[in-house]
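Consider the two complexes below, in which chain A is the common component and chain B and chain C are the respective partners.
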Partner chain A sequence: MTRYILRRLAISFGVLFVGSFLMYILTINSGDPLEDLRQSTASNRDVLIQGRIDTMGLDLPWYERYWGWLTGVAGCFYGACDLGTDQSGTDVLSMLQQSASATLRLVTIATFAAIIIGIIVGILTAIRQYSGFDYVVTFLTFLFFSLPVFWAAVLLKEYGAIRFNDWIADPQISVLQAVIVGVLLGFILQGIMGGDMKRRLFTAGATAVFTIAALLYFTYVGWWRSPALGPVIVILVSAAFAVGLVALIAGLGKKRVLYSTLTTVGIGSILYFALQPLLAEPNWWLLLGLFVSAVVVGLVVGYFWGGYSRGQAMALSAVTATFMAGMTFVDHLVYAWAGFLELKPRPISTIGASTPNFQGDFWETTLDWGTQLILPSILLTLISVATYSRYTRSSMLETMNQDYVRTARSKGLSERTVITKHAFRNALIPITTIVALDFAALIGGAVITETVFGWKGMGAMFREGLTHVDPNPVMAFFLVTGTAAVIMNLVADLAYASLDPRIRR
Partner chain B sequence: MSEQNRDSAMQGSPEPLPHAGAEVDDPKFADKSYSQGQLVRRRFFRHKGALAGLGVLLFIAVLAFSSIGIGPIPGWWDKDFSTTGTVVNGGKPTMGWFHLGEHPFGQDTTGRDYFAMVMRGTQISLVIAFTVGIVSTMIGTLIGAIAGYFRGWAESLLMRVTDLFIIIPLLVFAAVLGRIAGDSGIFALGLVLAAVTWTGLARLVRGEVLSLREREFVSAAQAIGTGHWRIIMRHILPNTIGVIIVATTFAIASAILLETSLSYLGFGVQPPDISLGSLISDYQTAFTSRPWLFWFPGIFILAIALSVNFIGDGLRDAFDPRQGKDG
Partner chain C sequence: MKIGTMGKGVALFAASTLALAACTSDSGDSDETSESPTAAATSEAATGSNDDTILVSVGEDEWAGYNNMTPATYSTYNSVINDRVRETFTYFDEESAIQINEEFGNVELVSEDPMIVEYTIAEDAVWSDGTPITYDDALLTWAAQKFTDGENEDGTPIQLFDHVGGIDYGERVVEGPQGEAGGKTFTVEYTNPYPDYLLTTVIDLPAHVAAEQSGVSLEDMAAAIEAEDIEALRPVAEFWNTGWLSPTPGELPDPAIALSSGPYTYGSWEAGQSLTLVPNENYWGTAPATGNLTFRFAAADTHVQALQNGDLNVIEPQATVDTLDQLAAIGDAVTVGTYDTLIWEHLDINFKEGASLADSQELREAFAMCVPRQLIVDNLIAPMNPEAGIMNAREVFPFESDYEEIVSASYDGRYDEVDIEGAAAKIAEAGVSEPVQVRIGYNTPNPRRTDIVALIKDSCDQAGFEIVDNGNADFFGVDLTAGDFDVALYAWSGSGQITSGQNIYASDGAQNVTGYVNEDVDAAWDALTSTLDPEAQKEQTIIIEKTLWDSLFGIPLFAHPGVAAWDSTIQNVIPTPSQSGIVWNAEEWVR
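Let's turn to the complex of A and B:
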């Protein structure tokens, strides 16, 4: 296995090297780097031109320029990184440090959201093949496939940001709007749940009534401007999640697993109160530490409850702990919303990766990031969701027709076990490959999204570099995205090996 | 719980796909035999989405090419896409339910007729998309067939180039090439985009050829001394035609999105030429004041891409009813 991974890594870096050569040569030949100066009417034009020739090394032959860039990059391996300067003499490495985090944050969030949503939607459509729900989702995926991102982005800016900001200034939901939303949600949910007419009607009715009541209640108490979850909701939702997870993956019959996840929720609730003062003004390291310890707590609880199903109990308890940690995090964020609105009356932004000169505590700054991030991530997610759900669906349908699934059914396993254990695990194998391959495409999509939303990210760096025929920023972009793609592929290889024992060597 | 289980068991169990065996079910046709082409055509025309897509695409193409004409040939629309004029009524669209009026899609800020501009953009985007689709199919088929039949260098070239595209985002590579070729006209841009989009099809064709070359009819052809190229051209490729046509359709759909994205970023079609992408790029800030300048080109891109995707879906079901993956 180690040899396999090392071989893959070596190939990847070889390809990275060839790719860098190709990109460099193409970029420096893509136009005239002195075009703007040649047309300028400044009196010191010749001095300016000579200055740029010196900064960019335009008088050197192409191989010397590439070699110079390559030796600078090689310095990164012993701590003396030099990615060169752009045409105005700014150090590219410091430019990169400012821009890389914004882009990688965007792409990572979009990737994870797309994987989770895409796989869930894909499985649901595969289980409910040729139902109304399936047809609607199929049509929507075709729509997202065909959507020009830059065009959709402007629409999203108008309706997702500007209209929302107008609305949040005085949040009102009329009875008619609540009814429309409720009926729509009920209609969607009955399509997913399926069953006979009576059951469908019940699902739709219950959802609609609940949604309408909740929306009207929230509006009445002014929840939209000063929302709160509170301990009761956090604990109840976490407990429901724990039970649902066990029912879905292990089956409620496995008492020990159920008790293990519920114990995790219990410990989580105590910690929820105990950690309140600590979480008032945390930092990311503290949160990371707490997150890791939550997972550890879940594992330990699972270990002691586990018995014969120790592995499953540990895994599910860890997932429950992760979920509960996330809920607590969201709880604090939601609580900070009211104060955040005071600081930033029009919350969803259409330009930039963070509000300039924004002063707030940890939670408010995080909310600021989130509100800047939400529209571009929705956009990137939508397009990948279309791909992933499609692949999951076809992959699921294919495995469900396999002989081993028929065998599993015929020996009397429950449908849940058949789908989660026998079909889904095998269906995941092709999906991993797609996710890894799609990562580069997602970064490419980020170039467009960043342009539309005016982010000063790596996409903007690439775009400006290419416009000015300036190789160093373009190559810095290539270096980060290329390395990220290599790492993603490595992760996919590892996931592949753990899913498919046949390729372990 | 148990009821639900049985329920989903029924739903999930293998079931006949809708197109499979449909010919036999219909008593009127039971005793008549059909050629492969007739079967495909019949299945395609039964796919309503694909049929609607074909209609929309033909309508858009005929509208775009007949209205403002092609090159020196004049069309029926009397206005030009580059002539400026006086802005009438703030440039609002004059199109109503049953009449077009003077400027059906309105005017831009310098008084150019927006209908003529959108039609020009549609023409250019369609020409590039079809150039990319057809040329990348030719390259991809050739390399895929050589890689699958001879293995050797072509196969390793194909695999390494595929590896390259895992690392360099397609859009980025295309942007660099588009920056080089954008000034040399739309066909150059189409060829350059085709040079980076052939890998997917090449891998598909390679996979097909790999399994076909082991079949008896290929061995038979080899045994009577048929040349390699004749085997590829006459015996193997005709058997992959379904895969190739379907992939071409989807390549056209993604090419139109790629080209408009590049033109939006400024690395595709260069002024004075107009693409649907550059129109959106020019007028995206006008969304609040002159929304029609933003809506029309976007709707045309969406309509073209969506209809081509539906045609591709219909073709896939038609060529391979057993697959039915996306039906």
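Let's turn to the complex of A and C:
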């Protein structure tokens, strides 16, 4: 196995080298780096041109320029990284660090959301194959997949930012609006839940009534501008999550697992109150520590309750603990919304990664980041959810038609067990490849999304480098994305081998 | 059945959460009132500025450093910010005319022959660290454009200071500024008359910082400049070339070295996002009206929606028809201003051997007759700037006050209307076989230029030309310098200089790419550049314009339109064609 990995790495290294060479040659021949200066009538034009020739080494032959870049990169192996400077003398390495961090912030949430939503939607459409729900989702995913990003971004800014901000200044929802939203949600939900006519009607009716009541009630009490969740909701929702999770994965019959997750919720409730003063002004390290300890608590509870289903109890309790930690986090964020609106009356921005000179406490700053992220994240998620849902759907359908699934059904297992235990797990194997490759693409950023939302990420760096015919930023982009692609490819192969015993040699 | 009971459970659960959510929302309300006082920031009463923030964007390019005098950092994106931080003796007003900045000091032409200019720095003018702005700063500014250190392989001298102006200033003013160390008055003597003397930047960077940072005393540095001691100046040049740059985005330079001599100074910089200017507390003049001026680095096509959403308050987006429609759709909340920029489009006729219009004045006239200039402006420019017209001059812009006078004296309007028959007659007169092939070269991709060529083709092909669209991505790199075109279509961006056109139209001008030779034009340029009298300059400009029209050097088309828009609650925003951009008077903006 080690030999295999080493061989793969060596080949990848060669591929990267050849790729970098091609990329460099293509970039420096992609246009005229002096174009903007040639049209200038300024008296110092010649000095400007000479200056740029000197900074970019335009008077050197191509192989010397490439060699210069290559030796700079070689320095990375002994800690003297030099990726050169761009045409205005900015250090590309520090540019790269900032671009990469911006890109990671921008696309991580979108990618995770796309994976989770895509897989859930894929499974649901596979289970309800050829239903109205399936057709609608298929239509929508293809629609989103083919959206022109530029146009969609403009629409999203118009409705998600400008109109929303106008609305939040004085949030009103009329009865008619509430009814429309409620009926629509009810209609969608009955499609997902399925069943006979009576059950569908019940689902739709209950959802609609609940939604209408909620919308009107929230508007009436002014919840939109000063919302709060409070301990009762956090605990209730977490408990409901725990029960639902157990019902879905293990079955409510496994009392020990159920008790284990509920105990976790209980401990979480105590911690919810105990940690209030600590969470008033936290920092990210503290939150990370609390998150890790939440998972540990879950594992420990699962270990002691577990009995015969120790593994499952530990896993589900840990997931429950994670969820509850997340709920507590959200609770604080929601609580900070009113103060945040005071600082930033128009909360959703159309450009930028953060509000310039924003001064709020930890929660308000986090909200600021969140509100800046929300539009680009929605856009990126919409576009990439299609791939995941379609792959999951077809992979799921394939496994559902396998003999062993029929066998599992015929020996009397419940539909839940058949789907979660036998079909779903095997359907996930081909998805790993896509997920791994998508993570590689993630580092490359989303050129258009970054531009239209004013983020200076990897995509923007690549694009600007290319516009200025400036090889150094382009090559820095190539180095990172190329390496990521090569490594994630390897990871995908290894993951595949470990997940599917049949292809292990 | 099992899921059915669960569904009911979910409904019950949902109803209860709804009820509970409302109970706790009150706490949010009470919290809101208690938190609001913390939002108020501390005001900077001392400077007289309010603590408001105005957000502006001029593009997505990052700020590159305090010293924007090096070729790498010399860009409008950099100077729009630095101009607010470092003032100097002159500035461009809203008509792109140069004005003396009386808060900084005074400039006076005391003698024409020899040409001596006297500069007086305001008594209380100081750098933001409290050090007075003096003659020493002027001396370093000059030295940075004076000294060379060795030669390149091809024999061109290497500058000691990597100054973007080259050694032009040093050659024009051989002796350097004359004054006393620490003095507020100095004189500059030009070897030859120099009409653009007001554009010379005589003070840019703080000399005492350069001296201190390179480990010499101010006196020693001045002495070294006096003695032209390259060795002694080398550390100063080293600091000048690198010490004032900011290669790492987001790290503002040390306030002790990046001194301000203007209303604002650097406040904060978020890499890739924004740079905020705050009032310079040691500024002696009028404090800026608004306390925080934030430049956001955002792509031009995001500007309109950002303005509508309040993410930007003042924008200068790309002037397209769509942009204007979008801005108009926002309504009264924003004010839109359209104007002509200093960038102007023109057709240049190639006079080099082998070019199809080179040898025949008749053919050139025929071409000029059939180019539909009014149609080009009506179709491509008027939608953006309804007041736009054809440009009939090269050295003055339509918005300048003496444009009418110069045009009426140099051009009789003979090419304003398309005259197909006249053009056909001229071609017949030239006695060449039809159709006459004319290759119009320009750089691609540029949809507007493609449209212009298509319009010319529609019109001129009727007269007996065969217009060939020779658009090429390599036009500037290859075709233009090699002379491989019959007519070149591109734009010059004006710099506000009186003398810069000599480079283009004089027979041996460095930017004369068409091989145009005309003794009258050469003589007029020589006369223009050697006089300091504005009336005499205007006379020569008229001669130049008239000769260029008569011999058809080329055909000016139009000035590129510009669009600016701002939040209507902000007062004193005035668009300008000059390179200073919309922010030229940002210190007066106030809400």
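Points worth noting:
In this text, the second predicted complex is superposed on the first by the 461 of 505 C-alpha atoms of A that agree within 3 Å, B and C clash if a C-alpha of one lies under 4 Å from a C-alpha of the other, contacts with A are read in each partner's own complex, and residues count from 1 in each chain.
Here is the rule we go by: a residue touches a chain if its C-beta (ideal position, glycine included) is under 8 Å from a C-beta of that chain, and two chains touch if they have at least 3 such contacts.
The structure displayed is predicted, hence computed values, not measured ones.
After superposition onto chain A, partners chain B and chain C are found to clash with each other. In the superposition on chain A, A:128 makes contact with chain B only, while chain C stays out of contact range. Once chain A of one complex is fitted onto chain A of the other, the partner contacts of A:265 are absent, as it touches neither chain B nor chain C. Of the two partner chains, neither chain B nor chain C is touched by A:315.
In the superposed model, A:325 makes contact with neither chain B nor chain C. In the superposition on chain A, A:451 makes contact with both chain B and chain C.
When the shared chain is aligned, chain B and chain C each come close enough to touch A:154.
In the superposed pair of complexes, A:26 makes contact with chain B only, with no contact to chain C. Judged by the touch definition given at the top, the superposed model places A:466 against chain B, while chain C stays out of reach.
After superposing the two complexes on chain A, the stretch of chain C that clashes with chain B is 440-448, out of 134-142, 440-448, 494-502 or 566-574. Once both structures are placed on chain A, chain A residues 31, 154, 158, 451-452 are touched by chain B and, in the other complex, by chain C. For chain C in complex with chain A, the touching residues are 3-4, 6-7, 10-11, 13-18, 20-29, 31-32, 35-36, 38-39, 41, 53, 55, 60-62, 64-65, 70-75, 78, 156, 162-166, 168, 245, 247-250, 267-268, 270-274, 276, 292, 294, 296-299, 301-302, 305-306, 308-312, 443, 473-474, 476-477, 480, 490-495, 497, 499-501, 503-504, 510-511.
Every residue of chain A that touches chain C in the complex is listed here, in rising order: 31-32, 34-35, 38-48, 50-52, 54-55, 85, 87-91, 94-95, 98-99, 102, 154, 157-158, 161-162, 165, 193, 199, 202-203, 206, 210, 213-214, 217-218, 221-223, 225-230, 232-233, 236-237, 240, 247, 335, 337-339, 342-343, 346, 348-354, 356-357, 359, 451-456, 460, 464.
The residues of chain B lying in touch with chain A in their complex are 4-9, 11-15, 18, 160, 163-173, 175-177, 179-180, 253, 257, 260-261, 264-267, 277, 280-281, 284, 287-288, 294, 297-298, 301-302, 305-306, 308-310, 313, 325-326. On chain A, the positions that touch chain B within their shared complex are 11-12, 15-16, 18-19, 22-23, 26-27, 29-31, 126-131, 138, 142-143, 145-151, 154, 158, 194-195, 390, 393-394, 397-398, 400-401, 406, 409, 414-416, 418-419, 436-437, 440-441, 443-445, 447-448, 451-452, 462-463, 466-467, 474, 477-478, 481-482, 485-486, 489.
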